[in-house]
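Look for subunit A in each of the two complexes below; its partner is subunit B in the first and subunit C in the second.
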Partner chain A sequence: MAGTAHAAAGALLSALVLAPGGARAQQAALTMAVGAPVTSLDPHYHQLSPNNAAASMIFDRLVNTDHQSRMVPGLATEWRVVEPTVWEFKLRPGVRFHNGQEFTADDVAFTIARVPNVPNSPSSFAIYTRPIREVQVVDPLTIRFRTEMPYPLMPMDMSNLFILDRQTHEGAATEDFNGGRAAVGTGPFRVVSHRNGDRIEFERNDAYWGDRPAFARVNYRMITNDAARTAALLAGDVEFIDQVPTSDLAKLRGDQRVALSEATGMRIIFLGLDHMRTDASPFVTDNNGQPLPRNPLKDVRVRRALSLAIDRHAIVDRVMEGAATPSGQYLPAGIYSHVPGLEAPRADPDAARRLLAEAGYPQGFRIQLNGPNDRYINDSRIIQAVGQMWTRIGVRTAVEAQPWPTFIGRAGRQEFSAFLVGWGSNPEGSHPLRNLSATWDRERGWGASNRGRYSNPELDRMIEQALSELDDAKREKILQDAQRLAMEDVAIIPLHIQTNIWAMRRNLAHTARADELTRAQDVRPAAAATSR
Partner chain B sequence: MSSTTLGAAPVPAVPPKIETPFHRFVAEFAASPIAVGALVVFAIIALVAILAPWIAPQNPYDLAVLDIMDGRLEPGSVGGTGITHWLGTDDQGRDMLSGIMYGLRISLTVGAGSALIACLVGASLGMLAAYAGGRTDSAIMRLVDLQLSFPAILAALMILAFLGKGILNVVIAIVVVEWAYYARTVRGSALVERRREYIEAAQCLALPTHRVIFRHLLPNCLPPLIVVGTMQIARAIALEATLSFLGLGVPITEPSLGLLIANGYEYMLSGKYWISFYPGIALLVTIVSINLVGDQLRDVLNPRLKK
Partner chain C sequence: MTVYLLRRLIQAAGVVLAMSLLVFLGVYAIGDPVEILISPDADQIERERAIRSLGLDLPLWEQYLVFLGKALQGDLGRSFVFNEPALRLILDRMPATLELAVGATVAAIIIGLPLGLYAGLRPDSAVSKAIMAGSILGFSLPTFWVGLMLIMVFAVQLGWLPSTGRGETVEVLGVRWSFLTWNGLSHMILPAINLSLFKISLVIRLTRAGVREAMLMDYVKFARAKGLSPNRVVFVHVFKNILIPVVTVVGLEFGGTIAFSVVTESIFAWPGMGKLIIDSINVLDRPVMVAYLMVIVLMFVVINLVVDITYTVLDPRVRLEGKA
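Moving on, here comes the complex of A and B:
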């Protein structure tokens, strides 16, 4: 390890002394540390970012996603709708699994059949296979999926499923993957060894069909303690870390030995409000502490006032130390169905006070803002800052932060009047809309995380319309209109979108990903980066 | 030991000089300049805590006067509101000096309050155990053993997990984990005192039990109780700070010293030392001064330690 660090330092030094770009750091191995443990190498066991990151080093999907979460050809080279309810995927020829088995349409059929049948899955991938009524293998390199209704999200669903081999994985259990025997895919790396919750060792798959990774060997360690992970990087024990704590950002930015890479993520941090009650809301009172007869949060003017009171730029600047983007909608810019021109509202306390007065609360009222203290980056600091800003427009705010399990249980039972939560989105407007702002409906699975119980029939109708529109451009338009409607009605109060931050030794470069995945194929020597 | 250690006793048998027990106590206490210094420091801290709402530059608990844009200012900077922050500000823009003053209020209130309640509960039970003896004694003392065998912080964490956050619950938790110390101390000295002649005399006069306990037995058990009480105030302050540091004590918008330290410690590596450092110093000075006073009290009030 020390030898690697020395070699790296030497390469860096010579690169500085000699002509820039002249000396290329020749490094065969990479040691990286991630903050969240990989819980399994079975790619269909648990929908969790760390697992998906490891899986996308070993396996491929029919549709891969690039660093901005755009869909790009993976094991499928093209896909199209052949009938309104039939999708056809053309598969990549000449692809082989790590053990030499050939990849064919039959392996895709096997994968689709396996996904819903993984025992004890804590968070199943079956939602991505459920719309498929019938799988038809047309020829070894063509496969068709028949659905009941027109289903535009099929390619996106396929970008979540890692493809296995029928010959290798028939009957393979999750334990076989964790032991390494069954961890055989078509991806850029093969597994050498795996110690659960501690480290995975990879070596490069030299027969990979796509871009060849820069490193022949990768040591993928899991260091969950933030301070320990940062310290390991500074000490040179590891060369690359993810989930850099914002309180360490200032120090790392000033450190000559370290470079940072960042990408706007897909996780929106927002405030939910009690839309359910028309009478008294549990944590809203008048200025003397007496319950109000009506829930002021039902009035859109009050909701707008609360949103306008918030200085999102101050929160991003002072609380998040720049590691976030202020937001006025569900999705970040550059993502499909992001609404152009819908900016984060500028703080305007005077306008907010006027709106409150118009709504009949010239003296404001009292409210309690709840939130977690261990789930999102700086969560309890954010709600205190919002508390300051609301108090300044006359809405005297008490702030209460709780551990996540307690908090989210109570939020799910509609116990709060106002609360902070986050949502990691898929790159498609229907995903946050359907989960966060559609009318709650257990049967349909809509509004599953709509904890304020916002309900707007017009919005529901638009989401429904979008979900059966196969034309991407038309669907995008409907989704943008739907999001605009939800934001005008202040269904939620968006605050900011978190930035994903990685840190590495200065001799490395990294393509930062919007989807939070930390993968070795995105890391390369810095000299190679400048030549690109 | 004689019955003349504290003022509650009757006239001393042979007055050697014109000196009340209180005078002697003061003179013996003042023999240690360190203890006197500690007492002065503690008096200043207590005064600052009491006067905080009038002398603090800012009300750190009023969200309306805090500005996030003033967050993490260095000591000596002038914030957007025109206040000079002599000890800097924390991440929410709270003036650290004001935060420490108000934090001391919480620390001392919780410390003194919980120590007093724990003392009342513990002393009553200890006295009862000593006077009643037999099964009552065994039952109470086994409970004390059980309580003392539990790490204080663990017991407090469990109680707060059950009761929920809040300053009142912190006091309850501290009382629950600390009453046993008082009970054991009082029982010990009450057992000794109970066999003395003046108690027998009182009992022979057929005085009611409560009168014997409260007028005769208790006053003579007070000296060790005062010593233990002083030490337990310091312990209670430290325990409150620990619980708040762990996020189980006070609300996040009304930080005590422990929570101020917790707020700052994540910024330590980034060179913003003052958010944790100054509340830590305040806590340290408070606890040390109380302990020094307590040490001297023990020396003065415990005749066995007299040379």
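Moving on, here comes the complex of A and C:
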């Protein structure tokens, strides 16, 4: 790409200019530190962002995603629907695994077969292979997947699956990957060594089919403590960190040695409400502390009031230090099926009070708002802020923050009336809709994270329609209408979408990713013009 | 001696059993590991599969019996997170923690004993008062804060020492050690200091108190009256007698450092057992938690044994068979 060529030329220039000065100028190695540990190099063992980040340095997917989560050709060069229930993927010719094995359609078939059969997986990738009824290897560079029903999400599912080699990985166990022996892919980096929970050392795969990474060696360290990670960057022990704590942002912005890179993420922070109970909700009482006979949260006017009471801009400015975007829907702008014109509601306490009075609660009521205190950025401070805003319109709010392990179990058992959670979306409206707001249905696998048990048959019908529409433009229209409906009915109360922030030494530049993955191929020496 | 050892071992087995039961019940009460480990994308069917695959679909008592059965064959289960045997994960990380703990304890003895002796022998001198005041700081400043300050001053401001991590290691007998290279050693200095501050203070205070008490004893007066040199009085007669409480406390502290140097290991990103256990607690990785606590119990039993044996060396009046 032209950008990369520019950057490389710039790096060369700065290396020439600075050559007498320092050894750092033309660096071949990069030391980076991530905040969440990579727990396994087996790309099919645990569906977890840090693991996927490391895997996407070692392996490729049929469909890769760019920094804005748009699907781009990976090991497949093109894909299309040949019949309503058959997808065809054309594979990239001449690709080799790190050990020299050739990549063919048979390896894809092997991968699809391995995914559901990884022993002891705490969260497998089988959800992405389940729709496939039959795999057909047409020729070494063409593969077809037959599904039961028309299935528009196939390319997106394929953007989640890392491709292995039949010859290399037949019978390979998770431990073989962790030891580094089986961590062999087609990706831009190969694994030199791996120490669980501590560091991974990579070297560049010079035979990589795509853009050549800027660094020949990468030391990928895991420093889970926020303060220590920032300190390691300032001390120069590492040159690049992710998950910059919001409390350090102001200081780092003012530091001449450091540059930041930011991208609006795909993770929405929202409030879930108890839609399940029509009678008393566990943490809602009248102003004297007596249980209310009816659950006020079932009334859409009450839900609207609660949403209108929240000053999202204030939360973003003061609690999040600007590292978020206020939101009134599931997905950020610029992503497929984002709803244009559906803005974050402006805080309007007067309108909120009127709605409450209309709904029959002129004096308000009491509620407890629950949330985690160690999961999302500033989570416990967000619910404190929301609690004050709700109290301002007469809904006297008690706030309780708990560690995630305790909190999430209770939320999953519908023990709360109102709670804060987050959701990292795929770039497709059906993903949050189906998981968060569709009616809970075990058979269809819908509403698995619908912890408030919202249910709206009209919405379900629209999601179903979208999920069988193969035309992307038509599907987008249906998904936008569905999201509008869900937001009008206040299925969830969206607060904001997090900004992903990385920090690096001034001599580096980085392409910030919406999907939070921290990868060495996105880092390069800064162009001479911007380096100081 | 054999009977004594046997008795200690049986006690240890009892404690280990009780511990495993407590951890099982505790983790069960906190929450469901699957809720934490599972990808948010997973649907209901995938959740049920994960629960079965981790053996969490059985009733608690049955899970416990399965665990016990395997444990008796030396299998403490596989980590939910890493999919590796829990015991191996722990043993892999033990050397890192051990060398840090040994470094901190040695520093505590080398620095703490002389300072304590001095403060005990010259309680009224200005230097002694400074030592004692310093030891109060060592006691009361939180490790967390001191660790960050050490990083800020020595790594970020002065740039003398690396801020985090373990640095280069050398493999000896299949185990990686970092104290054998200068790079590795330089990575060890800050965390070891951070761990040892509290211990240094403790040793200073114990030694000083012991010395002050011993100096008034009849045997010291007698030794002096016999005309022994002051050095001999202090280093042979007094020293030996004050060591018993110091050895006890240092031994317990050493065990505590190995088991629970969680804060220091997190701040300095030191890949030891403390970091493993805190990460495992955060995701309710029960096999690692159980195995870890069992290893720790065994370790404390061994340390206490060593302490007891040291007593007999220091004080011939102590007989192992008599106690326990």
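Methods note: the second predicted complex is superposed on the first by the 502 of 532 C-alpha atoms of A that agree within 3 Å, B and C clash if a C-alpha of one lies under 4 Å from a C-alpha of the other, contacts with A are read in each partner's own complex, and residues count from 1 in each chain.
Note that in this section a residue touches a chain if its C-beta (ideal position, glycine included) is under 8 Å from a C-beta of that chain, and two chains touch if they have at least 3 such contacts.
This is a predicted model, so every value here is computed, not measured.
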For A:Ile315, is the partner it touches subunit B (first), subunit C (second), both, or none of the two (neither)?
-> first
Touching A:Arg392, do we find subunit B (first), subunit C (second), both, or neither?
-> first
Determine, under the contact definition given at the top, whether A:Gln384 touches first (subunit B), second (subunit C), both, or neither.
-> first
Taking the superposition as given, does A:Ser449 touch the first partner, subunit B, the second, subunit C, both, or neither?
-> second
Touch check for A:Gly197: first (subunit B), second (subunit C), both, or neither?
-> second
Pick one for A:Met149: touches subunit B only (first), subunit C only (second), both, or neither.
-> neither
Contacts of A:Ala28 with subunit B and subunit C, given as first, second, both or neither | neither
Taking the superposition as given, does A:Ala227 touch the first partner, subunit B, the second, subunit C, both, or neither?
-> both
Which partner, subunit B or subunit C, touches the larger number of subunit A residues?
-> C
Hey, what residues of subunit A end up touching subunit B and subunit C alike?
-> 227
Complex interface listing, subunit C residues touching subunit A | 30-47, 49-50, 53-54, 78, 80-84, 89, 92, 148, 151-152, 155-156, 159, 162-166, 266-269, 271, 275-276, 279, 282-284
Interface residues, subunit A side, partner subunit C - complex | 33, 37, 39-40, 42, 45-48, 119-124, 126-127, 130, 174-175, 178, 195-199, 221-225, 227-229, 231-232, 234-237, 374, 404-406, 408-410, 412, 423-424, 426, 431, 435, 440, 442, 445-446, 448-449
Please name which positions on subunit B make contact with subunit A in the complex.
-> 62-64, 66-69, 71-72, 91-93, 247, 251-253, 266-267, 269-271
Sites on subunit A touched by subunit B in the complex | 227, 230, 245, 247-251, 311, 314-315, 318-319, 373, 380-381, 384-385, 387-389, 391-392, 396-401
